[in-house]
Amino acid sequence: MHVTVDFTVVPVGTGVSLSEYIAACERVLAESGLTYQLHANGTNVEGEWEDVFSAIHRCHETLHAMGVPRIHTDIKLGTRTDRVQTMADKIKSVKEKLK
Amino acid sequence: MHVTVDFTVVPVGTGVSLSEYIAACERVLAESGLTYQLHANGTNVEGEWEDVFSAIHRCHETLHAMGVPRIHTDIKLGTRTDRVQTMADKIKSVKEKLK
Amino acid sequence: MHVTVDFTVVPVGTGVSLSEYIAACERVLAESGLTYQLHANGTNVEGEWEDVFSAIHRCHETLHAMGVPRIHTDIKLGTRTDRVQTMADKIKSVKEKLK
Amino acid sequence: MHVTVDFTVVPVGTGVSLSEYIAACERVLAESGLTYQLHANGTNVEGEWEDVFSAIHRCHETLHAMGVPRIHTDIKLGTRTDRVQTMADKIKSVKEKLK
(Lines give C-alpha, C1' and ligand atoms only; values in the text may rest on other atoms or scores of the structure.)
Protein backbone atom coordinates (compact mmCIF):
# COMPACT_ATOMS: atom_id res chain seq x y z
CA MET A 1 0.00 0.00 0.00
CA HIS A 2 1.44 3.34 -1.09
CA VAL A 3 1.36 6.02 1.62
CA THR A 4 2.03 9.74 1.80
CA VAL A 5 3.17 10.76 5.26
CA ASP A 6 4.03 13.99 7.03
CA PHE A 7 5.73 13.43 10.35
CA THR A 8 7.12 15.62 13.11
CA VAL A 9 9.38 14.24 15.79
CA VAL A 10 9.39 16.10 19.12
CA PRO A 11 12.10 14.97 21.55
CA VAL A 12 10.98 15.49 25.17
CA GLY A 13 13.18 15.81 28.24
CA THR A 14 16.21 17.15 26.38
CA GLY A 15 17.12 20.77 25.68
CA VAL A 16 15.11 23.34 23.79
CA SER A 17 17.09 22.94 20.56
CA LEU A 18 15.87 20.01 18.50
CA SER A 19 17.66 20.46 15.18
CA GLU A 20 20.37 17.84 15.80
CA TYR A 21 17.63 15.25 16.35
CA ILE A 22 15.71 16.29 13.26
CA ALA A 23 18.97 16.05 11.33
CA ALA A 24 19.51 12.51 12.66
CA CYS A 25 16.06 11.52 11.34
CA GLU A 26 16.85 13.10 7.98
CA ARG A 27 19.93 10.86 7.78
CA VAL A 28 17.75 7.82 8.51
CA LEU A 29 15.49 8.86 5.63
CA ALA A 30 18.46 9.44 3.33
CA GLU A 31 19.65 5.89 4.04
CA SER A 32 16.16 4.49 3.45
CA GLY A 33 16.07 5.41 -0.22
CA LEU A 34 12.59 6.86 0.21
CA THR A 35 11.50 10.16 -1.36
CA TYR A 36 11.31 12.79 1.37
CA GLN A 37 11.27 16.53 1.85
CA LEU A 38 12.01 18.52 4.99
CA HIS A 39 9.75 21.50 5.67
CA ALA A 40 9.53 24.05 8.50
CA ASN A 41 7.37 21.89 10.78
CA GLY A 42 8.05 18.31 9.72
CA THR A 43 9.09 16.02 6.92
CA ASN A 44 7.06 14.63 4.05
CA VAL A 45 7.88 11.11 2.91
CA GLU A 46 6.20 8.67 0.56
CA GLY A 47 6.57 5.00 -0.33
CA GLU A 48 5.31 1.59 0.66
CA TRP A 49 3.65 1.39 4.09
CA GLU A 50 6.26 -0.97 5.56
CA ASP A 51 9.21 1.08 4.29
CA VAL A 52 7.87 4.38 5.56
CA PHE A 53 6.97 3.09 9.03
CA SER A 54 10.27 1.19 9.28
CA ALA A 55 12.07 4.47 8.66
CA ILE A 56 10.08 6.24 11.37
CA HIS A 57 10.79 3.31 13.71
CA ARG A 58 14.53 3.59 13.02
CA CYS A 59 14.27 7.31 13.67
CA HIS A 60 12.86 6.61 17.14
CA GLU A 61 15.57 4.00 17.78
CA THR A 62 18.27 6.44 16.66
CA LEU A 63 17.06 9.27 18.88
CA HIS A 64 16.67 7.04 21.93
CA ALA A 65 20.24 5.77 21.27
CA MET A 66 21.36 9.43 21.25
CA GLY A 67 19.95 9.72 24.78
CA VAL A 68 16.48 11.16 24.17
CA PRO A 69 14.33 9.65 26.96
CA ARG A 70 10.91 10.42 25.48
CA ILE A 71 9.66 11.12 21.96
CA HIS A 72 6.32 12.49 20.80
CA THR A 73 5.75 12.06 17.06
CA ASP A 74 2.87 13.33 14.92
CA ILE A 75 2.06 11.45 11.75
CA LYS A 76 -0.42 12.52 9.07
CA LEU A 77 -0.98 9.55 6.81
CA GLY A 78 -2.80 9.35 3.49
CA THR A 79 -3.76 6.33 1.40
CA ARG A 80 -6.04 6.19 -1.64
CA THR A 81 -7.26 3.54 -4.01
CA ASP A 82 -8.49 5.72 -6.87
CA ARG A 83 -5.00 6.60 -8.08
CA VAL A 84 -1.37 6.99 -7.02
CA GLN A 85 -0.64 10.61 -6.21
CA THR A 86 2.93 11.63 -5.42
CA MET A 87 3.87 14.52 -3.13
CA ALA A 88 4.83 16.54 -6.21
CA ASP A 89 1.43 15.79 -7.79
CA LYS A 90 -0.34 17.08 -4.68
CA ILE A 91 1.41 20.45 -4.75
CA LYS A 92 1.02 20.75 -8.53
CA SER A 93 -2.70 20.04 -8.25
CA VAL A 94 -3.23 22.91 -5.78
CA LYS A 95 -1.01 25.31 -7.74
CA GLU A 96 -3.03 24.71 -10.90
CA LYS A 97 -6.18 25.71 -9.03
CA LEU A 98 -4.45 28.92 -7.92
CA LYS A 99 -3.70 30.11 -11.48
CA MET B 1 9.48 -0.99 21.46
CA HIS B 2 6.35 -0.17 23.47
CA VAL B 3 4.23 2.63 21.99
CA THR B 4 1.26 4.66 23.09
CA VAL B 5 -0.78 5.85 20.12
CA ASP B 6 -3.80 8.04 19.56
CA PHE B 7 -5.18 7.77 16.04
CA THR B 8 -8.06 9.27 14.13
CA VAL B 9 -9.21 7.87 10.81
CA VAL B 10 -10.93 10.31 8.45
CA PRO B 11 -12.54 8.68 5.39
CA VAL B 12 -12.60 11.09 2.44
CA GLY B 13 -14.87 10.97 -0.58
CA THR B 14 -17.70 9.16 1.18
CA GLY B 15 -20.66 10.66 2.99
CA VAL B 16 -20.63 12.96 5.99
CA SER B 17 -21.34 10.20 8.50
CA LEU B 18 -18.19 8.34 9.50
CA SER B 19 -19.31 6.22 12.45
CA GLU B 20 -19.65 2.94 10.52
CA TYR B 21 -16.00 3.28 9.45
CA ILE B 22 -14.83 4.10 12.95
CA ALA B 23 -16.77 1.06 14.18
CA ALA B 24 -15.01 -1.11 11.56
CA CYS B 25 -11.64 0.04 12.93
CA GLU B 26 -12.77 -0.70 16.47
CA ARG B 27 -13.52 -4.27 15.36
CA VAL B 28 -10.01 -4.53 13.90
CA LEU B 29 -8.61 -3.41 17.26
CA ALA B 30 -10.83 -5.86 19.15
CA GLU B 31 -9.45 -8.71 17.01
CA SER B 32 -5.87 -7.51 17.54
CA GLY B 33 -5.88 -8.21 21.27
CA LEU B 34 -4.35 -4.79 21.92
CA THR B 35 -5.49 -2.51 24.75
CA TYR B 36 -7.51 0.33 23.23
CA GLN B 37 -10.05 2.98 24.19
CA LEU B 38 -12.37 4.95 21.92
CA HIS B 39 -12.80 8.65 22.73
CA ALA B 40 -14.73 11.48 21.10
CA ASN B 41 -12.06 12.35 18.53
CA GLY B 42 -10.03 9.18 18.07
CA THR B 43 -8.86 5.96 19.67
CA ASN B 44 -6.02 5.36 22.09
CA VAL B 45 -4.12 2.10 21.71
CA GLU B 46 -0.92 0.75 23.22
CA GLY B 47 1.39 -2.22 22.63
CA GLU B 48 4.44 -3.23 20.65
CA TRP B 49 5.26 -0.98 17.66
CA GLU B 50 4.70 -3.73 15.06
CA ASP B 51 1.37 -4.82 16.55
CA VAL B 52 -0.04 -1.31 16.79
CA PHE B 53 0.97 -0.28 13.28
CA SER B 54 -0.23 -3.60 11.86
CA ALA B 55 -3.63 -2.89 13.35
CA ILE B 56 -3.75 0.59 11.81
CA HIS B 57 -2.67 -0.95 8.48
CA ARG B 58 -5.51 -3.48 8.67
CA CYS B 59 -7.87 -0.64 9.49
CA HIS B 60 -6.89 1.12 6.24
CA GLU B 61 -7.24 -2.16 4.30
CA THR B 62 -10.66 -2.77 5.82
CA LEU B 63 -11.98 0.70 5.02
CA HIS B 64 -10.68 0.63 1.45
CA ALA B 65 -12.35 -2.80 1.06
CA MET B 66 -15.60 -1.18 2.26
CA GLY B 67 -15.29 1.25 -0.66
CA VAL B 68 -13.60 4.26 0.93
CA PRO B 69 -11.44 5.74 -1.85
CA ARG B 70 -9.22 7.95 0.28
CA ILE B 71 -8.25 7.95 3.96
CA HIS B 72 -6.53 10.62 6.04
CA THR B 73 -5.27 9.34 9.39
CA ASP B 74 -3.68 11.28 12.24
CA ILE B 75 -1.38 9.43 14.59
CA LYS B 76 0.13 10.78 17.79
CA LEU B 77 2.84 8.38 18.86
CA GLY B 78 4.80 8.25 22.10
CA THR B 79 7.82 6.16 23.06
CA ARG B 80 10.03 6.45 26.13
CA THR B 81 13.04 4.66 27.53
CA ASP B 82 12.90 5.84 31.13
CA ARG B 83 9.92 3.66 32.05
CA VAL B 84 6.86 1.89 30.68
CA GLN B 85 3.79 4.06 31.16
CA THR B 86 0.39 2.65 30.29
CA MET B 87 -2.57 4.74 29.12
CA ALA B 88 -4.15 4.27 32.54
CA ASP B 89 -0.92 5.48 34.22
CA LYS B 90 -0.94 8.62 32.11
CA ILE B 91 -4.45 9.64 33.15
CA LYS B 92 -3.81 8.70 36.80
CA SER B 93 -0.64 10.82 36.83
CA VAL B 94 -2.52 13.94 35.69
CA LYS B 95 -5.46 13.32 38.04
CA GLU B 96 -3.11 13.11 41.02
CA LYS B 97 -1.74 16.53 40.14
CA LEU B 98 -5.31 17.89 40.05
CA LYS B 99 -6.12 16.86 43.62
CA MET C 1 -19.01 28.35 14.81
CA HIS C 2 -19.22 25.24 17.04
CA VAL C 3 -16.00 23.18 17.13
CA THR C 4 -14.97 19.83 18.49
CA VAL C 5 -11.29 19.77 19.35
CA ASP C 6 -8.79 17.22 20.59
CA PHE C 7 -5.53 18.77 21.70
CA THR C 8 -2.26 17.53 23.14
CA VAL C 9 0.25 19.87 24.73
CA VAL C 10 3.88 18.73 24.65
CA PRO C 11 6.24 20.88 26.77
CA VAL C 12 9.77 20.84 25.32
CA GLY C 13 13.00 21.62 27.13
CA THR C 14 11.75 20.63 30.56
CA GLY C 15 11.95 17.24 32.23
CA VAL C 16 10.48 13.96 31.05
CA SER C 17 7.42 14.16 33.31
CA LEU C 18 4.68 16.29 31.82
CA SER C 19 1.71 15.60 34.07
CA GLU C 20 1.96 18.82 36.12
CA TYR C 21 1.71 20.81 32.87
CA ILE C 22 -1.23 18.79 31.60
CA ALA C 23 -2.91 19.36 34.97
CA ALA C 24 -2.34 23.13 34.63
CA CYS C 25 -4.12 23.04 31.25
CA GLU C 26 -6.99 21.05 32.78
CA ARG C 27 -7.39 23.85 35.34
CA VAL C 28 -7.54 26.41 32.54
CA LEU C 29 -10.30 24.34 30.91
CA ALA C 30 -12.17 24.00 34.21
CA GLU C 31 -12.16 27.79 34.58
CA SER C 32 -13.32 28.25 30.98
CA GLY C 33 -16.69 26.63 31.55
CA LEU C 34 -16.24 24.56 28.39
CA THR C 35 -17.17 20.88 28.17
CA TYR C 36 -13.93 18.87 28.15
CA GLN C 37 -12.66 15.35 28.79
CA LEU C 38 -9.10 14.23 29.51
CA HIS C 39 -7.98 11.01 27.79
CA ALA C 40 -4.70 9.09 27.72
CA ASN C 41 -3.14 11.13 24.92
CA GLY C 42 -4.87 14.49 25.01
CA THR C 43 -8.03 16.35 25.94
CA ASN C 44 -11.30 16.68 24.04
CA VAL C 45 -13.10 20.00 24.31
CA GLU C 46 -16.07 21.51 22.49
CA GLY C 47 -17.69 24.92 22.24
CA GLU C 48 -17.58 28.11 20.21
CA TRP C 49 -14.42 28.62 18.11
CA GLU C 50 -13.28 31.71 20.02
CA ASP C 51 -13.83 30.17 23.45
CA VAL C 52 -11.98 26.95 22.63
CA PHE C 53 -8.96 28.67 21.05
CA SER C 54 -8.86 31.26 23.86
CA ALA C 55 -8.60 28.40 26.34
CA ILE C 56 -5.73 26.80 24.38
CA HIS C 57 -4.04 30.22 24.21
CA ARG C 58 -4.33 30.62 28.00
CA CYS C 59 -2.92 27.13 28.40
CA HIS C 60 0.20 28.19 26.43
CA GLU C 61 0.48 31.39 28.48
CA THR C 62 0.13 29.44 31.72
CA LEU C 63 2.81 26.89 30.81
CA HIS C 64 5.26 29.54 29.62
CA ALA C 65 4.64 31.40 32.90
CA MET C 66 5.51 28.14 34.71
CA GLY C 67 8.88 28.26 32.96
CA VAL C 68 8.33 26.00 29.95
CA PRO C 69 10.52 27.52 27.20
CA ARG C 70 8.97 25.74 24.21
CA ILE C 71 5.59 24.10 23.58
CA HIS C 72 4.47 21.84 20.76
CA THR C 73 0.69 21.39 20.59
CA ASP C 74 -1.35 19.15 18.31
CA ILE C 75 -4.91 20.14 17.58
CA LYS C 76 -7.50 18.05 15.73
CA LEU C 77 -10.39 20.32 14.89
CA GLY C 78 -13.80 19.46 13.49
CA THR C 79 -16.58 21.72 12.23
CA ARG C 80 -19.76 20.77 10.39
CA THR C 81 -22.75 22.58 8.99
CA ASP C 82 -25.17 19.66 8.59
CA ARG C 83 -25.86 19.35 12.31
CA VAL C 84 -24.43 19.97 15.77
CA GLN C 85 -22.79 16.83 17.10
CA THR C 86 -21.50 16.79 20.68
CA MET C 87 -18.58 14.68 21.85
CA ALA C 88 -21.05 12.36 23.59
CA ASP C 89 -23.04 12.01 20.33
CA LYS C 90 -19.88 11.00 18.46
CA ILE C 91 -19.06 8.16 20.83
CA LYS C 92 -22.70 7.04 21.00
CA SER C 93 -22.89 6.95 17.22
CA VAL C 94 -19.91 4.58 16.95
CA LYS C 95 -21.10 2.37 19.82
CA GLU C 96 -24.48 1.88 18.14
CA LYS C 97 -22.70 0.60 15.04
CA LEU C 98 -20.78 -1.87 17.21
CA LYS C 99 -23.90 -3.53 18.62
CA MET D 1 2.43 35.52 21.10
CA HIS D 2 4.30 34.47 17.96
CA VAL D 3 3.29 31.03 16.65
CA THR D 4 4.56 28.65 14.01
CA VAL D 5 1.77 26.50 12.66
CA ASP D 6 1.44 23.63 10.20
CA PHE D 7 -2.15 22.91 9.28
CA THR D 8 -3.93 20.46 7.02
CA VAL D 9 -7.55 20.90 6.05
CA VAL D 10 -9.46 17.73 5.15
CA PRO D 11 -12.93 18.34 3.66
CA VAL D 12 -15.28 15.44 4.45
CA GLY D 13 -18.43 14.47 2.60
CA THR D 14 -17.36 15.91 -0.74
CA GLY D 15 -15.50 14.19 -3.55
CA VAL D 16 -12.10 12.59 -3.45
CA SER D 17 -10.31 15.58 -5.00
CA LEU D 18 -9.49 18.23 -2.43
CA SER D 19 -7.18 20.59 -4.32
CA GLU D 20 -9.81 23.27 -5.04
CA TYR D 21 -10.46 23.53 -1.30
CA ILE D 22 -6.77 23.71 -0.43
CA ALA D 23 -6.42 26.43 -3.07
CA ALA D 24 -9.28 28.36 -1.46
CA CYS D 25 -7.42 28.27 1.88
CA GLU D 26 -4.22 29.43 0.18
CA ARG D 27 -6.15 32.45 -1.11
CA VAL D 28 -7.33 33.20 2.44
CA LEU D 29 -3.70 33.08 3.59
CA ALA D 30 -2.58 35.32 0.71
CA GLU D 31 -5.17 37.92 1.76
CA SER D 32 -4.09 37.66 5.42
CA GLY D 33 -0.62 39.05 4.78
CA LEU D 34 0.90 36.25 6.86
CA THR D 35 4.04 34.36 5.82
CA TYR D 36 3.02 30.91 4.63
CA GLN D 37 4.31 28.01 2.55
CA LEU D 38 2.33 25.18 0.96
CA HIS D 39 3.90 21.71 1.17
CA ALA D 40 2.77 18.26 0.07
CA ASN D 41 0.68 17.51 3.16
CA GLY D 42 -0.28 20.90 4.57
CA THR D 43 0.67 24.55 4.86
CA ASN D 44 3.13 26.22 7.20
CA VAL D 45 2.21 29.68 8.46
CA GLU D 46 3.65 31.96 11.11
CA GLY D 47 2.63 35.18 12.84
CA GLU D 48 0.73 36.43 15.85
CA TRP D 49 -1.61 33.88 17.50
CA GLU D 50 -4.79 35.87 16.73
CA ASP D 51 -3.85 36.47 13.09
CA VAL D 52 -2.97 32.85 12.39
CA PHE D 53 -6.09 31.40 14.01
CA SER D 54 -8.29 34.04 12.38
CA ALA D 55 -6.96 32.91 9.02
CA ILE D 56 -7.71 29.25 9.80
CA HIS D 57 -11.19 30.30 10.96
CA ARG D 58 -11.82 32.15 7.68
CA CYS D 59 -10.59 29.08 5.83
CA HIS D 60 -13.28 26.98 7.56
CA GLU D 61 -15.92 29.65 6.82
CA THR D 62 -14.85 29.79 3.17
CA LEU D 63 -14.99 26.03 2.68
CA HIS D 64 -18.36 25.67 4.39
CA ALA D 65 -19.62 28.51 2.14
CA MET D 66 -18.38 26.47 -0.85
CA GLY D 67 -20.67 23.65 0.31
CA VAL D 68 -18.32 21.45 2.32
CA PRO D 69 -20.52 19.98 5.07
CA ARG D 70 -17.77 18.76 7.39
CA ILE D 71 -14.11 19.70 7.87
CA HIS D 72 -11.38 17.93 9.79
CA THR D 73 -8.28 20.07 10.34
CA ASP D 74 -4.95 19.13 11.90
CA ILE D 75 -2.89 21.87 13.47
CA LYS D 76 0.66 21.53 14.79
CA LEU D 77 1.40 24.62 16.81
CA GLY D 78 4.69 25.82 18.29
CA THR D 79 5.41 28.67 20.69
CA ARG D 80 8.65 29.49 22.50
CA THR D 81 9.86 32.12 24.91
CA ASP D 82 13.62 31.67 24.54
CA ARG D 83 13.78 33.30 21.11
CA VAL D 84 11.81 34.03 17.96
CA GLN D 85 12.49 31.39 15.33
CA THR D 86 11.04 31.82 11.86
CA MET D 87 10.11 28.95 9.56
CA ALA D 88 13.21 29.72 7.48
CA ASP D 89 15.39 29.60 10.63
CA LYS D 90 14.01 26.17 11.51
CA ILE D 91 14.94 24.65 8.16
CA LYS D 92 18.33 26.39 8.13
CA SER D 93 19.08 25.08 11.62
CA VAL D 94 18.52 21.45 10.55
CA LYS D 95 20.42 21.87 7.26
CA GLU D 96 23.47 23.17 9.14
CA LYS D 97 23.47 20.01 11.25
CA LEU D 98 23.39 17.94 8.07
CA LYS D 99 26.58 19.43 6.61
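List of remarks:
All chains are identified by letter, namely A, B, C and D, in their written order; residue positions are counted from 1 within each chain.
We adopt the following convention: a residue touches a chain if its C-beta (ideal position, glycine included) is under 8 Å from a C-beta of that chain, and two chains touch if they have at least 3 such contacts.
All of these numbers come straight from a predicted model, not from anything done at the bench.
Among the remaining chains, those touching chain A and also chain D are B, C. A centroid comparison over C-alpha atoms places B as the chain most distant from chain D. Rounded to a whole number, the gap between the C-alpha centres of chain A and chain C is 25 angstrom. Chain C and chain D have CA centres that are 19 Å apart. Each chain gets one centre point, the mean of its Cα atoms, and the points for chain B and chain C are 18 Å apart. In chain C, the residues touching two or more other chains are 8, 13, 16, 69-70, 72, 74, 76, 78, 80, 82.
If each chain is drawn as a node and touching chains are joined, the picture has every node linked to every other. Within the complex formed with chain C, the chain D residues making contact are 1, 13, 49, 53, 57, 60-61, 64, 68-82.
Residues of chain D touching chain B in their complex: 8, 10-16, 18, 69-70, 72, 74. On chain B, the positions that touch chain C within their shared complex are 4-6, 8, 16-17, 19-20, 22-23, 26-27, 37-42, 44, 46, 74, 76, 78, 80, 82, 87-88, 90-91, 93-98.
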